[in-house]
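Please find the structures below.
Here come two complexes built around subunit A, the first alongside subunit B, the second alongside subunit C.
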Partner chain A sequence: MFGFRLQKRETPLPGGQIRAFIVGLLVALLIGALLLLMVDQNPLDIYAKMFSAAFGSSQGISTTLTRAVPLGLAGLAVAVAGSMGLWNIGAEGQIIAGAMGAAWVARLGPDLAGPALIPLMLFAAAIFGGLLAFGPAIARAQLGVNEIITTLMLNEIALRAVRYLVNGPWKDPDSFNFPQAPALPEQSVLPTLFDRASIAVLIAAAVLLVFGVYASRSAWGYELRVAGSSESAAKYAGISLKKKIFTVLVLSGTIAGLGGGLVLMGSSSSPSRLVEGVANGWGFAGIIVAALALMRPSGVAAVAVAFGAVQVGGLRIQTLGVPASVANTLQALILFGALAAAVFTNYKLTRRSAAQAVTA
Partner chain B sequence: MDNQTPAAELVDIWKRFPGVIANAGANLMVRPGSVHAVLGENGAGKTTLMNVLAGVYQPDEGTVSLAGQQMSFTKPAQAIKAGVVMVHQEFRLIPTFTVAENVALAGSPSIIAKRSIEDSVAELADRFGLATDPSREVWRLSMGERQRVEILKALWQDAKVLILDEPTAVLTPSEATELGRVVTAMANDGRAIIFISHKLDEVTEFCDEATVLRGGATVASSLPVEELDAARLAELMVGEATEVSVRRTRTSPVAEPVLEVRNAAVRDLHGIATVADVSLTVGKGEIVGIAGVAGNGQRPLADAIAGLESLESGTISLGGSSIEGATPKARNAAGLAYVPEDRLGVGLAPRLNVVENAMMRSYRSMTKGPFIDRSATQTMCEDLAAEYKVKVGKFDAPIGALSGGNLQRLLVGRELADDPKVLVAAQPTRGLDVQGVAAIQQIIVEQSQAGLGVLLISEDLEELLALSDRLLVMHEGEIVAEFDPDTTSRAEVGAAMAGAH
Partner chain C sequence: MNEETLIGLFLSVIEFGTLLYLAALGELIAEKSGVLNLGVEGMMAMGGVAAFWVGVETGNPWLALLVAIMVGALFASIHGLVAVVLGADQVVSGLALTILGVGVSAFLGKDYVSQAPGARFEALNLGPLNDIPWIGEFIFGQSIIPWLALALGIITWFVLTRTRIGLVLRAVGESASAADSAGSPVVLTRLIAVAIGGALAGMSGAYLTMSLAPGWSEGTTAGRGWIALALVIFGAWKPGRVGVGALLFGGLLALEPRLQTFGVEISPILLSMLPYVLTIAAMIALSIRSRNRPSAAPAALGSTYRREER
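Entry: the complex of A and B
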């Protein structure tokens, strides 16, 4: 149409992921600079401030990492399903379900489990996330029902459920009618690691590391990739697709659910309590994180930290007189540039041949 | 109507793709008011030629004319406007829309009155005997009915030249007969119908003339169908005898059967029988060939033996024990190797690298705890590549980077690595260059001499005659004939392939 077209590379650009990422980032920053100039800001100054807000101080780093926790786990949830060609669009709802599970255990009685309370709450969070994915998993495996639609719709269900709880049975009587649950008991809040970061960062890092290695090195991860490459090939290789689809989708929900527990129990805002907006869009952002990691679980952690940094930087510059809309556009540009770059590791832009261009 | 200007004429069409010449001087001349068959094996260039006519591809050389006027289409929409419409094998319909809505999508006034469209569609359908209810949603319709909707779309666009790509492949026999009546009605209306088919009996029944393609070129153009017999057509399609480099000495009559298929029947997703009551035996060290025109049940038979498709009835046994209920994994473990027709996509996983593809059968036994032993798989893959002369640039590059011949050597090598009892090889040499073909044939012959039982499914008659100990012919899902390759002739086998009993 414009004399150019995308052509699939026979082999992905070697080392292209990182190269393309940098180019995409630079292009995005360049466009962003124009935007900033239009609102009379010095782009270099603003970019420097964004960077230092995210990484320039212990406080900044702790905020960035705290944001990377739910981004990373939601991203991992999407990537685990995505490496098999499945789309879990329900991480948002699974995060809510996980947070509800953890809050429920805490409600049962803070002194009930003693020192096991925190592990028990995290366990419940994971189970609740998995349970929300259970229906879509079984429907996809047994009947071929499109998991994109079922997981997406369950987000609404989870949202209504938490809304009901914080407006009804779990509503804090001392909240001056705010729709929120009571603050979590102190012994259920995750200990601080440094500044604003809790040990949620360590737990998430461990989960990402274990899954990153497991997915790329294990027989299980190999089977996922065969199935993701071609269902017929998986069948031919004797891989049970139904079982795989089921376990992967439930596992994906479990990971996102754990993320919900960590968000609830390790957030920097104090006191920690269940509110309607507990998932805060992390689950949807996780889809972008997974896409940027090219659906490879091993790449999710780095992307999540970078994404968290962009968010922290974006928030920071709003306090410096950059309009919120420009700050948000800047964030979107950076993500968009990185996503576009991801495309170019597998595709290249070619000119149509002269003959084709003439006839076209 | 014979002396009119041709409705469509393609002259000396050349079309090259990277590494392939799909059309090499193909010609086609279709008269208005006639049904014209285009015949040829898979890969003969039929589809490419039709795509050139329908504006999907631009030819590198050659001319396309409609009603005497030279055309140069750059996109299908232009061809449709000029009256060339193709009905593809995969229907392009919106399942949740009604018949009338689907037809209207093919082009209609911008403001649509639902009732009047339905009436017009019904009227058009009546005129050509296309029984259909315009207000029904497409997802409720059978495959035959859906095809009628596609034909209605073409008529709605007032197609002067209608291309039907293997239209009977998805139809039951009675629906096929029905289609024949519709095709005749459309021809009587002055339209030209191009009928692509593998089935020779349909050609003789429905068509007026036939053009045969082979290797991208026209080998016989506009033959009157009355003058054809099935054996002659088959000969035109498969070509003159070519020299096959690999020959073998036949094994003596076989004592020990390793693969036995009894009364096997398979139905496809639409409930159409694709394999009907097939029985065959492959002995130890024996190569049993299956000849047949593409689409006569060879592929579902191979898939059913490998466990990728389930049997409706019948039994399969491997080395004396029954396997028809076993998973593909269990069958492989029991000694069944399978080289499927689709190498890349079934036999090999496209986005995975060379090592990961090489370990598809053996990774379960090459683990340390839950992890795959990467040095072991790397060594295994390198050994495999060395033994079967697979040229691999980088072992961690995606498998798609290998050439066709190397892909197939890797696949065949992997399948033979575990000393299987039986190899089912479907079109193992299709699309390979001369050395590639010879290498694969050599491997098959050597392995059979070492005791492997081989079921060789091929469309290459020379290959089958050279390699097989016994040659079976499949037609419409059944084994219709058995030949001794030493005493039979190409013409005899060709006639059986064409369904002349």
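Entry: the complex of A and C
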């Protein structure tokens, strides 16, 4: 169209994804600057304040890392499914389910000592996240039901489940009618690492590291990528596709669920308690994180920290009267910019006439 | 329960049905051309804030509606550019569109939160028709928008099934390479379908902020865009069935705030899960039933088309 066409490069540009991310970031900052000018703010000033809020102090860094925890685990959840060509759009709901599972265990055994309670809660969080993915997993594996839509629908169902709980059965009687569950028992809150960061950061980093190594080195990870790239190749290699689809989707939910547990128990706000907004859009942002990281766990960690920083910066400028939604806006813009830029690592724009001359 | 509350319920069923139908119809058109757009929620939010803004500034509901339609179409075209022209993944691009739309609309609408709407569509005055008991109130007592939605549904059905343009659109959505070989412009068709989808989602957002729940606040779309997405599947990509589904799901939305009035002891929050549960159930039922038959979904839905790779 328009005399131009996209022509596939013989070899993709080296370092294309990092370049794409940087282009995306620049595009986002530019469009964000226009939006900020529209509301009479100085973009350079705002961006400087965002950056220093996220990285300028030990406290800022600890908050950035805390926010990177759910982003990273949701991103990993999406990436694990994505490396097999499956879409888990349900990380948002699985985070909620995980937080509900952890809160439930705390309700059952509030007097357990921390060393017993904390692992139990995290275990329940992972199981609950996996359970929410169980239905879409079995429907996809056995019946071929599109997992994009089922996981998407379950987000809304999980959101209403937690809304029901904190407005009804689990509502804190001492909360002055505010819809929230009672505060978690003190011994269930994760120990502090530094400033506002808890050991949730270490747990998430460990999970990402294990998956990063395992996915790239193990036969399991190799089979996953084979199955993702070609169904028929997987069949010839004797890989059971149904089983793989099922386990990968449930595993994906488990990871996101664990993220929900860590959010609940390791948040910087005190006291920690279950509220409706526990997932805070992290599950959806995780999809962007995974896409920007090209479904690779190592990339997920890096992008998650970057997005954590954008969110912390967004919170900071909220105090200056700039809507906090600028953070979400920037995240989406980074993705659009990077998606567009990434195309050009594999394709180049050529004049139609020239391209035809080459093929002729 | 008296006559008045029942009429109020039916009125609200049609209002919510209209809201969902407009957005779902747009998504149906995009998906029929082979493009999945998960950005409905964001496009509705953009249309909603645009309409509310123009309404407050000019007081002209038709101008507000028109701007919302244009904003919706333009905003959807980001997805068109990224996913159709450049060929990025439709799922990622669509979700990013939702995040972007919700974010930007909150940003731009900041000063309009809790303001009174400047323009709205009033109930039509249809003379003697309004005097008919019951339906005179909840059918002929609606504004113009539900009627427009009905007309758009019929037009969509007609164009899709009875015209050459509809044939091209469906062909592009079933097999892009075959359509391309036959000389149909794949990329252009998809771009237009996505833009129309955005226009209708924008219209739905305008109806929300100007008529159904006049006002603007962040997150005012409250997940209705996801229901619209669900409706397309629930209605098996058929404008008529999607319409029936819209009334059903609209009915559930209308019941939500009224359960207590009717003395039902179920939490309205649990009731609000039903549209999503029903959609999953319908998807499973459809896939069991159509095991040996082709699926109702457009065959090329979600896949990028690049000519040199066919």
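We take it that the second predicted complex is superposed on the first by the 301 of 360 C-alpha atoms of A that agree within 3 Å, B and C clash if a C-alpha of one lies under 4 Å from a C-alpha of the other, contacts with A are read in each partner's own complex, and residues count from 1 in each chain.
We adopt the following convention: contacts are C-beta pairs under 8 Å (C-beta built on N, C-alpha and C of every residue); 3 or more make two chains touch, one makes a residue touch a chain.
Everything numeric here is computed off the predicted structure, so don't read it as measured data.
Asker: Tell me the contact category for A:L339 with respect to subunit B and subunit C: first, second, both or neither.
Answerer: The second partner, subunit C, only.
Asker: Check whether A:M153 is in contact with subunit B, with subunit C, with both or with neither, and answer first, second, both or neither.
Answerer: second
Asker: More subunit A residues touched by subunit B or by subunit C?
Answerer: Counting contacted residues of subunit A, the larger count belongs to C.
Asker: Quick one: is A:L193 in contact with subunit B, with subunit C, with both, or with neither? Answer first, second, both or neither.
Answerer: Touch status of A:L193: no partner.
Asker: A:S218 contacts which: subunit B (first), subunit C (second), both, neither?
Answerer: The first partner, subunit B, only.
Asker: If we overlay the two complexes on their shared chain A, which of subunit B and subunit C does A:V27 touch? Say first, second, both or neither.
Answerer: Touch status of A:V27: no partner.
Asker: Provide the residue numbers of subunit A that touch subunit C in the complex, in ascending order.
Answerer: 1, 6-8, 35, 38-39, 87, 89, 135, 139, 143-146, 148-150, 152-157, 159-161, 163-164, 167-168, 281, 284-285, 287-288, 291, 323, 325-329, 331-333, 335-336, 339-340, 342-343
Asker: Which positions of subunit B touch subunit A when the two form their complex?
Answerer: Going by the criterion above, the answer is residues 58, 72, 74, 306, 308, 327-330, 332, 338, 340, 342, 345-352, 356, 359-361, 363-364, 367, 370-372, 374, 397-398, 400-401.
Asker: In their shared complex, at which residues does subunit C touch subunit A?
Answerer: Against subunit A, subunit C makes touches at 36, 38, 78, 81-82, 85-89, 91-93, 95-100, 102-104, 106-108, 110, 187-188, 218, 223, 226, 229-230, 233, 267, 269-270, 272-273, 276-277, 279-280, 283-284, 287-288, 291, 297, 302, 306, 308-309.
Asker: Inside the complex, what are the residues of subunit A that reach subunit B?
Answerer: 10-12, 214, 217-220, 222, 225-226, 228-230, 232-240, 356, 359-360
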